[in-house]
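Note that the chains take the letters A, B, C and D in the order they are written out, and that residue 1 is the start of every chain.
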Amino acid sequence: MESQNNNNNNQEKFRDPNLDKRTVISPDGQQIEVDPLQDYFEQARPQVHKPASKVIEKFLNWARAESLWVLGFGTGCGSIEIPPLTTPRFDAYRFGVAMRPTPRQSSVFIISGYLSVKTLKRAIRSYEQMQNPKYVIGLGSCTINGGMYWDSYNTINRLDYYMPVDNYVAGCMPRPEAILAAFESLKKRIKEGRADGANKYAEHFDWYKANQKKVIKDWNMPDYNW
Amino acid sequence: MNTTIEETLTSLESRFELKDIKQQRGDLVFVTVKKEQLISLLTHMRDNENFTHFVMLSVVDWIEDGVFQLSYILNNPEKHVDIVFRCMIERENASMESAHHLWKQVATYQRELYEMYGIDFPGSPRVHESFILEGWDDIPPMRREFDTKKYSEDTYFPRPGRESKDPKEHMKNKLYPDADK
Amino acid sequence: MSIIAKLLWVLLGLFIILNWGLLMGALIRKIVARVGKRVGIRWYQPWLSLPMLYSTRSSISHGVMYYLGPVFRLSGGVGIFLFMPLIVGSPYFDNFSFAGDVVVILYFQFFGMLGMALGAGEGGHPYSTIGISRGLAQFTTVEVPLTLAVISLAIQYDTLSIKEIAAAQQGGITNWTLFTNPLATAAALLSMLGIFRHAPFNLVQAPNEIPIGPPTEYHGTYLGVLRTNGAILHVIEAVLFMNLFFGGAGNWIELIIKTFFIYFFTVFIGVVFPRFRIEQSVVWFLKVPLVLGILAILFMAI
Amino acid sequence: MVTPIFIIATGLGLAFALGFIPKKHINLTGILSFLGLAFMTFISGQWLFSYLGNNELSQFIFTAGARPPFAIALKMGQAEAMITLLINVVGLLSAVFLYDKLKQIGRNAFIIYLVLIMALNVIVMTRDLFNLFVFLEITSIATAGLMLLDSNLKTLSAGFKYLLATSLIAGVFLIGTIFIYSFGGSLFIDDLTAIGMAPLKAVSVAVFLLMISIILELKPFPANGWGLDVYQTANPGISSVISGGTATAMLFALYKIMPLSTMQSYDILIWVGLITFLGSNLMGLKQSDARRLLGYSSIGQIGLMISIIGMKPYIQFDIQIILLAILITHLMAKAGFFWLTGIVGNTDISKWGMIRKHPEMLFLMGTFVFALIGFPPFPSFFGKWQLIMELSSSGHFLWIGLILLGSLIEAVYLFRWLGYAIKKETATQSSIDIRPHKTLPTIIFAVFLYGVGYLASFWFPMGGSINWLPLAFIAILFALDFLPAWIKNIISIAGLSYYAYQIIPEQEGLYLIFAFIFLIGGILTLIPGFTNKGKRIGFYPVAMMMFVGMGMLIEAQSMLEFFFGWELMTAGSYFLIIRGHRSMPHALSYMLFSLGGAYLIFAAFGIAFAGSGNFLMSGLSTMGGLGGIAYTLLAIGFMTKTASLGLHIWLPGAHAEAESDVSPMVSAILLKAGVLGLIITFMAMGGPNNEYTTLPYVLGWLGAITALVGNLAAAFQEDAKRLLAYSSIGQLGYILFALAMMTHLGWLTGIGYSLSHFAYKAILFMGIGAVVLRLKTHNMFEMGGMIKKMPFTFIAVLMGIITLAGIPPLIGFAGKWLFYNAIIEKGWYFQGTIIFFAGIIAFLYCFRILYAVFLGQLKDEHRNVKEAPIWYLIPQYLLLLSIMIFSAKPEWIFQPLGSMLAPIFPQGQLVWNEGGTAFSDIGYWNGSWVMYIIGIMFVMIFAWLFIQNRKPKKVKQFNIVYAGEKPERPETTHMAYNMYSGYNKALGFITANGITTFWNWISEHVTAMGDSLRKIYSGNGQTYVFHIILFVIIVYLFSNGGF
């Protein structure tokens, strides 16, 4: 399995000392070897979760679509466009959109602008910690094709190579109205049952991982972040 | 020490080899010094001339001349005067004496320079650890021989169909299509 | 009444309370939104969120206690409901209040808190623990004025039975504890601010600082259970105050109106005031509310 | 019958004869001396035997066949026989101990030694004043001679000072004798007594001189610098003769001449004695030299005996018996102790840790220390008991106070020393000299002490009713200490079970409850002991001592038995506590608080005896006019065990540092002894309608504040066991409060709480103890994640915590519910609110201990930790089972409890209906229904969640959302250190260490006082002489009504 092949050429150079194997002495004097990656983190691959029967799924998708819980994670400059959503002028709450502070409880991940490699690592981790079903909105040109950072040495060009994206919002930067429109279009997608990014991610897990690992040279985290 | 910046420079000249003294403004002077004398000069400035504040350290890549130009900017907080000491170092195996013992924060600048330009500062704390790039394995990205566009195309899956236009031409064509005619 | 019938009535009561809790939450949020010149959520939003949460396809578990945490929490909420008489004089909606008096309810609050705290604790997230330690710390002093108020009531009515206290307030608005024992009511209302944990006493969840405190790791079904509990608990705590201080409820309409205003009171305060730090809120409850509570007892005992 | 004149003859004759034996036959000299001493012993022994058999009249022996004043009269009565026997035994055994020393010095040493012993015998027997003077001189010369034999500069100087002082004293005696003769015309004491010439002023001066000189011989404080140097520098063998023999003889001499004097002189004795007792012990506080320390102790004890002689007119009981009991204990223990210092060979008490390598020596030392303090079963216990009772019934409470204070101070330094010996690490190499001729005498005296203790119990009223069988069992356990621990554990459990089987069926009412807690609890807490490998030297006897002591509290019909049991329990628990890892200071403070408390109880018993005239426990309810004081004393005394605020500072350390299976014993069980005491006190006060309303009121407040401070302090602890210990303080505060309410519901709460506290605190301490056992740390922030490793322990601890916190449906809630009702009924609203506040604060530490130990992040080094040993789990789950049963059926426990309390508190009982609902006047509660409802609901909700969420992915410890990062180490992700920092900022001031500071202040000042007193001992001979003269003058002036 490719994700097992965690060693690129620079493994030694980018060693994360926190993930080194180490030996500790237990209270009764035994030596215990700790392999942080194995012992601290669950690394199992994500599973594809079959939708429920059609009628029920339709109802559930409606419920999901009408209560979108957004992870408050600002990745790039677009994150400044998100807070206005909760203000009286735009008031996303009336569309069933709410902000959540933790990935565990969120269903929508807005990648708000360019993603440097460093941020990508955190974004992947947060994305993987969200529960199925989960949706991604790519905000701004940068997530589509790199935007004004298209030739930067450190910024990714296409978000959909690293995680399944449901909606892109073009613009540099898109205004909050555009984001609201994105929510509406996402809702439509969900209700139609087409927003199945989490399962897509699980199905094409190896491909996504390979892409991720191609740009993240110092891969120092579990292959899947539960 | 009620000296003006000119007097300071005069007194410095008697001790160090200063070249290309250029007074940009009343309170800003650029001076080029030799690599070997730089650290002792900085020390002197800090201890005797009251230039106690280290503003920043930056670098210019003169690839044509085969040198890096390091600029150490010092500030005299009482007289509000800045002096910039420039220092040329070889581009090949670039290395410079570390100044972190004078001001702690210099170490951070030096880490950045090492990561972005590959200039080594032996002895500087944590200088070889990655600074803002996590897992960079190519030549330092800010060196001018590094082709960032090619790197990006090779690495980041460029989306086909993207067009790049020269902004000036594009805007001209868009706004004044008839200007040339 | 046979036990089956009893159970059915209890379930009916629970159903009403749950739905009223969801609606009340939505209404309150709507009012708060209007205060901020927003439109606010749709009134049926809570009914959408619950299926959304319950239908999460994947979930994780940090361990047995983590799994049981929401169970404890909801048991706490439903338990208080079960021991609470809802409608004065109604044999159908007095639930299992024959099993214990107000003391049982006061102490059963801890059941859910402790279970939830342990569940969140096993989640292993430091923010959860910070939230819990703040919540417990704040709760210690929140309960003091309430205790004093309940003692004052017990002296006043010579009983600890909620049913009897509520029954004693029937026959006109002037018979309410609010008017017959205003000091105790004031103490209890202030302590209620801490029980409902709106601002200025919402440091426990402190959304901007320690994500959301105890339930940081909870998601999906777990969170659904917690939200279900929240809906029930808010109403039933309000019912407690209603029974003790605001004359109980003769019918469901009365219950709905009274609980709404009781709950709204805390929200209203919360909209107006900023958040306290934990050492400030702990001490705050030992100042004015405590003095009010002591006066309430002196007032009744002498 | 060999006439006592042979004692003199043997002594003198041998002394002369030895001179003729050539120096090289030193062994022959030695053997002859031993034979002589043995013969002297035999003579005394045979006389004593004859007196014991049939109450013969005392024998007078007139030398030269004439009556006084023409000849010297000796008397050999029962007392003389006893005293000479003691002196001769000490002499003989000391000689054995000193054998190599004497032999090394040579023939003269034997001669002097024989003369000394003989002279002491004569001092006891003679009835002639001049003869007394002569032998006083001989004694002092012989003593000095013996000291000087050991030739070094220090002994030389000490011996010289000794000679100087004793000559002066003898001079005073001689002047007195001359006066007497000139007025009375006789030197025969009995004749002089018959004349009855005391009223004459001049005579009284003469008698005063006689008396004061003998007192001076007994080294009264502060004119005793010369005597102390002797103890410090002389060979321990000699010291034992001086302390045991010479002092005994002198005391008897004093006793003998007292009939000559006036009543006023008795008062002098009392005050001189008491001041000596107190002053000498005070100065012992800062002493670090073993022998000088023993010297202070000796002088103190002798001072006590002087004062007892003086108390003769005030005591109805035969004072000889009291004196004898104390004297024997002092003589044997002190002689043994001096020998022990010779055996150990290091005189710095802080270095005595080396004695640990020889447990039998440690055992001896413990025996002597406990004997000296007056613990049971030693004779001095009975002596002091009777003394205090008698003084009390004659109304001399000041003296009682001084005696008890002095004893307490003595306990401070002796127990500190014992603590060093048991616990203090010492780098010094062991240099213990355990040759048989050194150890044998010591062992003999230790054994004697126990034997005489047993005999002594029959000399005193009610003493015979003490049940010695369990004590014999303990003795057997001591003897079997070489066996592996598990065998001893089985034996102990069997023994305790048998004891329980004997006691429990006989009990009824509240005693039954406590018998159950003490004995069944004892059995349960012994079970974890099976995990111990090896021998666990010394554990089982002392554990049994504690449990037996508590059993005796239950059994006790008389105050004597109760106090006997109380002291036994204290001693046993002291040894249990000091076994802990860093327990030395905590064990000491435990012992001091316990002793202090015990002495207060003692004093109160005295008052009760004065009031009721008998020793029965029922006498406690007839206190005479002093009820208020007596009950206060009792309450404070018992509160030292329940660790109420102000008296609690010993508890956290003692409980936390104790071994894992000892903590539940001392916390769950031992504290209940204090509760039992309080219950007895309150019952004696007369139930609900007593006349002492202030005391319960004050205690109620005290209990409430204790609960608050204890719980708050518990919330701020980092040490898991300390947390539980502070929680015990808090919980005991509840109990005190509940009992102080003095209502039916209050007591129901208090006793119910005692029971449930027993159960859950045992579970918690065993659970946490097992964790500590496995993790080898007490710090909670170093633990974490144990739920995965020790799930069964977690369940038990969780249930314990739920019970503790009083959350329905477990039985702990019963306490809370009852509290509400009781408080409102009683009208103690504000105290009650504090109690509730404390109860809610309990949640802080409840959560903290559960979270920090069992939840949160597992540490790397604990990955291989195993579940707690099965022996820890068994008792926990047994207790848990009982908690569950009574939670489901609270009426099974509270209904019988209620009917037990009904005779005492008929008002305000709970009413139970058939469905198991309890009705108070204001509230109602049905434990069974609450249990069913919550149980069924919990299962249903769990099923609901399970249906919704069947297969959650099990993840590992770092799979947490961490703002996109990943945690680095479990240590930095476990939020356990200073968990309630905000709370501490707000309310932490309440737990500021004011009380500890207060007690430290007291101990510092007392010690400093002792230290400054010591400055009078300049070490200068002239100064000492000046002291003596000044002493005589001052005492004279005082005896004549002031300056």
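The rule is short, and it goes like this: a residue touches a chain if its C-beta (ideal position, glycine included) is under 8 Å from a C-beta of that chain, and two chains touch if they have at least 3 such contacts.
Owing to the predicted nature of the structure, the values given are computational and were not obtained by experimental measurement.
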item	value
A-B compared against C-D, more contacting pairs	C-D
Intercentroid distance (Cα basis), chain B paired with chain A, Å	37
Distance from chain C to chain B - Cα centre to Cα centre, in angstrom	62
Chain centre separation in whole Å, for chain D relative to chain B (CA means)	80
Whole-Å separation of chain centres (CA-atom averages), chain C against chain D	54
Of all residues in chain A, the ones touching two or more other chains	102, 104, 121, 226
Set of chain C residues in contact with two or more other chains	58-60, 211, 216-217, 220
In contact (per the touch rule at the top): chain pairs	A-B, A-C, A-D, C-D
Chain A to chain D touching residues, read off their complex	18, 22, 24-28, 30, 32, 34, 36, 39-42, 44, 73, 102-104, 121-123, 125-126, 129, 221, 225-226
Chain D to chain A touching residues, read off their complex	774-777, 860-865, 953-959, 961, 964-969
Contact set on chain D toward chain C in their complex	785, 787-788, 791, 794, 798, 801-802, 805-808, 813, 816-817, 820-821, 823-824, 827, 829-830, 832-833, 836-837, 840-841, 843-844, 846-848, 850-851, 855-857, 917, 921-926, 929-930, 933-934, 937-938, 941-942, 944-945, 948-949, 952-955, 957-962, 973-976, 979-980, 982-983, 985-987
Complex contacts: residues of chain A adjacent to chain C	46-47, 49, 51-52, 59-60, 62-64, 66-67, 69, 87-88, 91, 93-94, 96, 98, 100-102, 104-105, 107, 131-133, 198, 226
For the chain C and chain A complex, residues of the former touching the latter	33, 36-42, 45, 48-49, 51-52, 55-60, 207-208, 211-212, 215-220, 223
